[in-house]
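Multiple structures are listed underneath, in structure tokens.
Paired with chain B in one complex and with chain C in the other, chain A is shared by the two complexes that follow.
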Partner chain A sequence: MKILTNKEILNNAVQLVQRAVSIKNPLPILAGIKFETRENQVILTATDLDIGIRCSFPAEVIVQGTTVLPAKYICELFRRLPELPIFIEADAATGSVTIQYGQSETRINGYPPEEFPELPLPEGINSFTLPGELLKEIIRQVVFATGNDENRPVFMGVLFEINGSELQVVATDTYRLAWRKVIIENCEETAINLIIPGKTLNELLKIIGINEQIEVTVTKNQILFVAGNVWLISRLIEGNFPKYKQVIPQNHILKVRLKTRDLLDATERASLLAQVKSPVIKLNISENKIIVSSYSEAGRVHEELDVYQEGETLQIAFNAQYLGDVLKVIGSEEIIIELTGPLSPGIIKPVGDNEYLSLLLPVRLREE
Partner chain B sequence: MTENALLTFIYHFTANMRSGYNIAKQMFGVMLVRCPILLADMNAFYASVHQAMDPRLKGKPVIVGGDPAKRHGIVLAASYEAKAWGIKTGMAVGEARDLCPEGIFLKPAYSHYVDFSTRIVRIMKDFSPLVEPFSIDEAFLDVSGCGNLFGSSPEIALQLKNRIKDEVGVLCSVGVGPNKLLAKMAAGMQKPDGLTVLDLPDVPAKMWPLPVRELFGVGSRLEKRLRDLNIRTIGDLAAYPLPVLQKRFGLVGHVLHLSANGLDYSPVDPRSLERVKSIGHQITLSRDYYGYDVIEVVILELCEIVCRRVRLGGYSGRTVNLTLKDVEFLWISRARTLPQPTACAVDVYRVAVELLHRHWPSWKPVRMIGVSLGGLVKNAPEQMDLFGEKERTRRLHAACDWIKDRFGEQSILRAVSLTPAGVFRDRKGENGHG
Partner chain C sequence: MPSLLKRAKDIELKLHALVAEVRELKDELREMEEENSRLRTELAAVYREGCPGAKSSGEAEVKYRGFINLLDLYDQEYHICNLYFGRRRMGECLFCMAFLRKEMELDASGEDGA
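Here is the complex of A and B:
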């Protein structure tokens, strides 16, 4: 293999795929990035067998071929290369790879490319497209609610439910739940139900560029996202997502409307002085006011926010971290909070929008 | 400005009450108590309690220990008369009987020990409210502000010894020092019935020649690691370069360096015993247990007992610790921390079993199992969950706790306790204590 390219293109591609490189895996080859040529394209691939990322870019291909290079060294090297034409030449006989720039060269020992696992590209069973911006927003709005308990893998993923042209996306760690609905255009009439690992979606967030259409292809146990020249393949989580709809309260005894920013700022200040082990803040809602308070050995916070209130008065306590997570991603200037009782789930949603809601379970405070 | 007004001014001006007090002392000649920290250590406490309650036992070799008929009965305490026969704490009761046939062997009576301990602490509180019970037979006392009331600290120590002897009837060794560490070291220097002052200038002469094992905070494992550095005496440790100790032992290394030099900045904290840090239970098995399945039965039973006690105290905890001993009494202790605090046996059990599988080979027999729950918080707020699982288990525990409160600990059990591997049902049936 011999190619001619430049630093920027090369570096961008390597930084993109190296996210899937697995350093800890017992298979040493997985610590490498595979380079292969196809006509006048170079394709880079990395995988940890859960997630695979590949990225292609145009280059002057002088000799076709394949090689695998250790990610650890080339990531650092390519970042530091000068702005010059760069030749990469692999010697198939010795496995060593020469990188030439100007008068200089670096030689790195590669891995035998035939040992690199083939990425099993899913044959399209179902596919649809989504605007990149929208997909990014959906992911950001729900992925924070995924859990990290490996004993319950279903809660480490995000449920994508497609029914006709309607896509519903849900995540929960059983302490909070985030739900988003969108209408997808140009989708075949199908019903799909799949759980995508939260980790995959977090990686996807970093890959999606602006003004891109994302093609999504789904098989029984895999999902492929194609964003321009980048592919991300991931396994799916097996199992049944719990019936979440029945736990969303249908009625409420109290409804308040207020500015997102006000509550977020108060929450963050109050959480500073909450107990370290359990950052709990209290919300006292009455007479068109929310009093946000917290205390610990270090001191206490008392904040009053003016709100528009409908219904009864109520005192409820939340984990400040969980409340802050929702408020950061809700993406609207004003929110509505609906409550049914001090120990029942609270609903937080944007004003005038029935496409998003977040459910937050309160904490039970015990008398000292 | 009157003297009083100035005193008040200084008092309020300095944020720290104690430093305000010290400034006041320096300015107006209030008597400064040198070496204000006392440690009272009861001599052969359990045996002394029995001797105090029954005058016929005075001057006799009294040995408090487990039931000699049982294989694991050991000596818990021996009076000084018994110690003269070569009897040591921790020795098997049978062995003690061979050494001292005339010995008077008694079963422990914990409620009396607690009662005596409480009376001693009450006497100490007559001198200063700053009393920190350290164990059942030791307590620290801070007499910084008592100079004008009771005199110098050795004088206070003598008054304290006499009152404990007259009013409670047991002897104690009192150590006097500028901090808790030196008070503790001093108390160990003369036994029984001692009174030792150990001030900072005495450290090189009195403390440095001692073997490093004698230093407070150095156990057998640390001693071994220190010996690898050729540290044998406390003086060796004090002279050892601090950076090497820090590199080797981290924070502990720094504390060791300070301790060896007689420095300790920890305050006497009257509430330290009120803060429970962990609750645990362990059991020595009457036979070797082979295989995860039977070991797990005992672990589950222990989890039930531990969590019941955790709930009784109104706590929940996050750190699960599993201790296992094999036939040669080699032991391991491993811990893992949960994301949310719990007081539920099943949560603790799941982690304990994980620790068992990870750290104990399945073929290895087990002789002792211990489970404890640490990182305890009182009245911790409880995060509700979406599908109501937590609320359901909470109600289940509340119901079981209610049944046990009403009808006794044996009234409701897990089914595994009825299998041959179960230990708690049988034992309690035999000797009726929980």
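Here is the complex of A and C:
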């Protein structure tokens, strides 16, 4: 293989695919990035067998071929290359790869390319497209609620429920739950349920741009996202997502409406002084006011917010971190909080929008 | 100083003993796991019996007791939801709460009907 390219293109592509490189995997080849040429394109691939990222870029291909280079060295090297034309030449016989820039060169020993696992692009069973901006928003609004308990893999993923042109996205770690509904255009009439690993979606967030259409292809156990010249392939989580609709309370005894920013700021300040291990903040709701308070050995915080209140008065406590997580992604200026009781989950949703909601279980207050 | 061969043999013996012990531990563990899951099923059965309750006048009371039992179990930090019934609970659980809420609504509607 011999190619001619420049630093910027090369570095961008390598930084993109290296997210999927697996350093700790017992298979040493997975610590490498595969370079292959196809006519005047160079395709870079990395995978940890759970997810795979592929990126192609145009280059002057002098000799076609394939090589696998250790990500650890080339990531750092490519970042530090000078702004000069760069030749990469692989010697198929010895496996060593020469990187030439100006009058200098670095030689790196590659891995045998035939050991690199094939990354079959799934044949589409179902496919649809989503605007990148919308997909990013959906992921951000939901993915924070995924769990990290490996004994319960279903909760480490996000459920995508497609029914006709309606897409419902849900994640829960059993302490909180986030749900979002959107209508997708140009989708075939299908009904599919898939659980996408939270990790995959977090990676996806980093690689998709706002102004592009994302093509999504789903098979039985894999999902492929294509964003321009970048592919991300991931396995899906097997298993059944529990019936989540039943956990959403239908009747509330108290409803408040307030500015998102006000509550977020107060929550963040109050959590500064809350116990570090479990940052609990108390909300005291009465007479069109919320009193946000927290205390610990370090001191105490007491904040009053004006709200619009409907219903009974209530004292409730939440994990400040969890409350902050929701408020940061809700993306609306004003929110409505619906409460059913001091022990029942609270519902947080944007004003005038029935397409998003987040559930949060209160923390039980110990008798003082 | 014993010969290298002797030392290697000694280590081999020790390793054999260790493997045997691990195997024993594994057997015990399996037995305990089996017992644990049996107990869990039994517990679930007992609570289920407590809930639907006897007919006649005592029905409401039995139902109520079943609910209190579940609440107690939840308070003792066990899951009562169908996902993880009888398992240790770390923090609150949305599914348990949903189950409790459903039970409570059933109770309430039962009382209204009476």
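One rule holds in what follows: the second predicted complex is superposed on the first by the 367 of 368 C-alpha atoms of A that agree within 3 Å, B and C clash if a C-alpha of one lies under 4 Å from a C-alpha of the other, contacts with A are read in each partner's own complex, and residues count from 1 in each chain.
Following the convention adopted for this analysis, a residue touches a chain if its C-beta (ideal position, glycine included) is under 8 Å from a C-beta of that chain, and two chains touch if they have at least 3 such contacts.
As the structure is a prediction and not an experimental result, all values here were calculated from the model.
Enquirer: For the combined arrangement obtained by superposing on chain A, do chain B and chain C clash, or do they fit?
Expert: clash
Enquirer: Contact-wise, after the overlay, does A:Ala317 reach chain B, chain C, both or neither (first, second, both, neither)?
Expert: A:Ala317: touches chain B, not chain C.
Enquirer: Chain A residues in contact: does chain B have more, or chain C?
Expert: Touched residues of chain A are more numerous for B.
Enquirer: Using the touch definition from the top, say if A:Leu359 reaches chain B (first), chain C (second), both or neither.
Expert: A:Leu359 contacts both chain B and chain C.
Enquirer: Per the contact definition in the header, classify A:Pro249: touching chain B only (first), chain C only (second), both, or neither.
Expert: Only chain C is touched by A:Pro249; chain B is not.
Enquirer: Does chain B (first) or chain C (second) touch A:Leu343, or do both, or does neither?
Expert: both
Enquirer: On the A-aligned overlay, A:Thr174 touches which partner chain: chain B = first, chain C = second, or both, or neither?
Expert: A:Thr174 sits against chain B and chain C alike.
Enquirer: Looking at the overlay, what does A:Ala298 touch: chain B (first), chain C (second), both, or neither?
Expert: Neither: A:Ala298 stays clear of chain B and chain C.
Enquirer: Touching A:Lys277 in the superposition: chain B (first), chain C (second), both, neither?
Expert: The first partner, chain B, only.
Enquirer: Which region of chain B runs into chain C, 132-140, 384-392 or 402-410, after the two models are superposed?
Expert: After superposing on chain A, the stretch of chain B hitting chain C is 384-392.
Enquirer: Chain A residues touched by both chain B and chain C?
Expert: Residues 172, 174-177, 242, 247, 343, 345, 359, 361-364, which sit in both footprints.
Enquirer: State the interface residues of chain C toward chain A in the complex, per the touch definition above.
Expert: Touching chain A: residues 83, 91-95, 97-98, 101-102 of chain C.
Enquirer: Considering only the defined contacts, which chain A positions touch chain C in the complex?
Expert: Touch list, chain A to chain C: 172, 174-177, 242, 246-247, 249, 340, 343-345, 359, 361-364.
Enquirer: What residues on chain B touch chain A, complex-wise?
Expert: The touching residues are 314, 318, 339, 341, 350, 375, 377, 379-387, 389, 391.
Enquirer: Along chain A, where are the residues that touch chain B in the complex?
Expert: It is residues 148-149, 151, 172, 174-177, 242, 244, 247, 277-278, 280, 317, 319, 343, 345, 359, 361-368 of chain A that touch chain B.
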